[in-house]
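Please find the structures below.
Look for subunit A in each of the two complexes below; its partner is subunit B in the first and subunit C in the second.
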Partner chain A sequence: MLRVLVRAQKAVGLSALVLVTVSLYMVFVYAPREATGDVQRIFYYHVATAWNGYLFIAMVALSGLLYLVRKDEAWDAAGRTAAELGVLFISLTLILGSLWARPIWNVWWTWDPRLVTTLILWFIYVAYLLIQAGAEGSPRLKRFAAVFGIVGFLDIPLIHYSVVLWPRGIHPSVLRESGGMPFPMLLTMIVSVIAMTLLGLYLWGRRLEVEELKQRVQRLKEQLLWP
Partner chain B sequence: MTYLFVAYAIVWIGIFAYSYSLGRQAQRLREQIEALEAALGSRQETAAPGAGGPGEA
Partner chain C sequence: MKAYLRAVLALAAKDALLERKSFETLIATASFALLLAVVFHFAFDIASAEGARFFPGALWTAILFAGTIGMARSARVDEVEGRGRGAALAPVDRSALFLGKCLFHLALLAVVEAAAVPVFAAAFALRGMALPHLVILGLFLGTWGFAALGTLLAGATAGERATGLLLPVVLFPLLVPVILGGAAVVSAGVTGEVTAATGSWLRLLVVFDVLFTAVPALLYESLMEV
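== the complex of A and B ==
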């Protein structure tokens, strides 16, 4: 599956380019202006980057599980590369949320349960990347990173249900209230999510290709040292 | 409007920066592969005359 992603890079990248252009048109032109003003248009990419963050964190957990079961280095690399993208998208989600909160809530940050659990998720996977950075050549640390990546994933249901568990939070639960969302807004959100997902998969394919090249360099160096 | 502009600018700067760094890494690794393959090739060439054995004499 991962090899397919590397080989189909150009097709995925081209589809992402087309859909991202369409999504930007929809965000800025097609979607109606909401009562809170144009700043609400941040929401479309906020949701799309959050979805991508969750998707890649789920990939880290799945890759970790497969690495523990099959002991295949390819799954370790898949987890490591997916975590990079997960952290990138969660960072963007937090920044976009903050830029939306400033004009709407009049604060850059508030200790709302959904915001805090998302920040915890970011810290978990930054820690995961740090563990992986030091795990080169250490199967024990790689196994530890895999378990860490799986356990960290448990924060995602916590983020999702934080609105129910801590009802005093102020983060809007747009998807739960999507019955009230006008169709053009819903469609813009869906297109933005699909566009970002394709872009995320394209970047993952490129990152996996870098990993393949690194392994090739390693093999060639070994051939030169020990023919 | 400023917040909206800054938000989308950050998204695209972040994504392009990451994409650019991947391109640079891939380019550097491809150059390394070329150099290593050339080194391996030249070593095989220098080893070849001696590898012929008694039949070549």
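== the complex of A and C ==
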């Protein structure tokens, strides 16, 4: 699966380029202007980055599980790089949400359940990267990172439920309430999500290739030093 | 099953016995928790009317801070003195090692809480608790989840350079349900205002405890293998 991602990166990259361009057109021209004004257009990328964040942290857990079962270094690299992208996309989600919240809610930040869950997710995967930062050459810490990625992922529903129980909610649930949205907006959202997912997968493929090259350099060095 | 439980109890008793030689971890953990009661009292300048509002959160903060230090220390001593490797030779399932250690940490924290609760009640000028059994239940369920995840992560970080720094950073984000739920249940027990949400909090804590006792028990083997 990982090899496929590295091999197909040209195709993935090209389709990402095309779709991101299309989604830019759709977000800024095709999608109708909503009642709250142009700032609503942030929503399309906000949803897309949030979806990518969840996708990559799911990949962290999956890679961790496969690493523990198969003990293949490639899965450790997959988990580490997926976590980097997860943190990147969660950061973007938080920043885009904050930019939208300032004119709409009149605050940069509020302690709404979804915001808090996302922030805690960010903390969990920054912690994961901290573990990985010291894990070079330590199989024990690599296994710990894998376990932590799995435990962290299982914790997400509980964190979300606990923060929902904590009574402060104002985040709109566009998809569940208010009968959805007009078709052009829905289509724009779907295209943006697919475009961003392709972009994310392309970045992951590039990042995995770098890891492969690093390992090759390492092997060559060892061959030169101890032939 | 019976033999398994006996092994878990024996492993916990082994840790308790070692602790009884000096009470080093217990004294450090408990005194830090009590010290925090004094620090919070002065830092928040608690008037008696507000005491009940801040008591649950302050108590949980102290338990988490002190407990993290206690578990990190206990795991560190195991690592340095090679006790972990010694216990690993025991002819039992690896999950028993985890559960034994977890039980020991739970007992350690229970002793710390028994000392901390009266001191915090005094520092926050609490005039009695409406439902003491609910306070105890909230503390027990929260501490169980804390001990389970803490044992897993403390054991895994013990051998590393940045042990003391890494443990709270990796542990606290995962503990959000325990912090919120534990504080909510203790708060309901102090004020006597039990609502439907209190039931939900209790269920959430039970789910958290069972999940994070079972999953680490399953993963412990692959984590600790040499």
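Assorted remarks:
Everything that follows uses one rule, which is that the second predicted complex is superposed on the first by the 210 of 227 C-alpha atoms of A that agree within 3 Å, B and C clash if a C-alpha of one lies under 4 Å from a C-alpha of the other, contacts with A are read in each partner's own complex, and residues count from 1 in each chain.
Here, contacts are C-beta pairs under 8 Å (C-beta built on N, C-alpha and C of every residue); 3 or more make two chains touch, one makes a residue touch a chain.
Everything numeric in this text was worked out from a predicted model, so none of it was measured.
Of the two partner chains placed by superposition, A:4 touches none, neither subunit B nor subunit C. Contact with neither subunit B nor subunit C is seen for A:18 once the two complexes are overlaid on the shared chain. Touch criterion met: A:130 reaches subunit C, while subunit B stays clear of it.
In the superposed pair of complexes, A:154 makes contact with subunit C only, with no contact to subunit B.
By the touch criterion defined above, A:220 reaches subunit B but does not reach subunit C. Partner subunit B is touched in their complex by these residues of subunit A: 38-39, 41-42, 45, 49, 88, 91-92, 95-96, 99-100, 102-103, 199, 203, 206-207, 209-210, 213-214, 216-217, 220-221, 223-224, 227.
Those residues of subunit C whose C-beta lies close enough to touch subunit A in the complex are 149, 152-153, 156-157, 159-162, 166, 169-170, 172-174, 176-177, 180-181, 184, 197, 200-201, 204, 207-208, 211-212, 215-216, 219, 222-223, 225. Note for the complex: subunit B touches subunit A at residues 1, 3-4, 6-8, 10-11, 14-15, 18-19, 22-23, 25-26, 29-30, 32-33, 36-37, 39-40, 43.
Residues 68, 120, 123-124, 127-128, 130-131, 134, 138, 140-141, 143-144, 146-148, 150-152, 154-155, 158-159, 161-163, 165-167 of subunit A are the ones touching subunit C in the complex.
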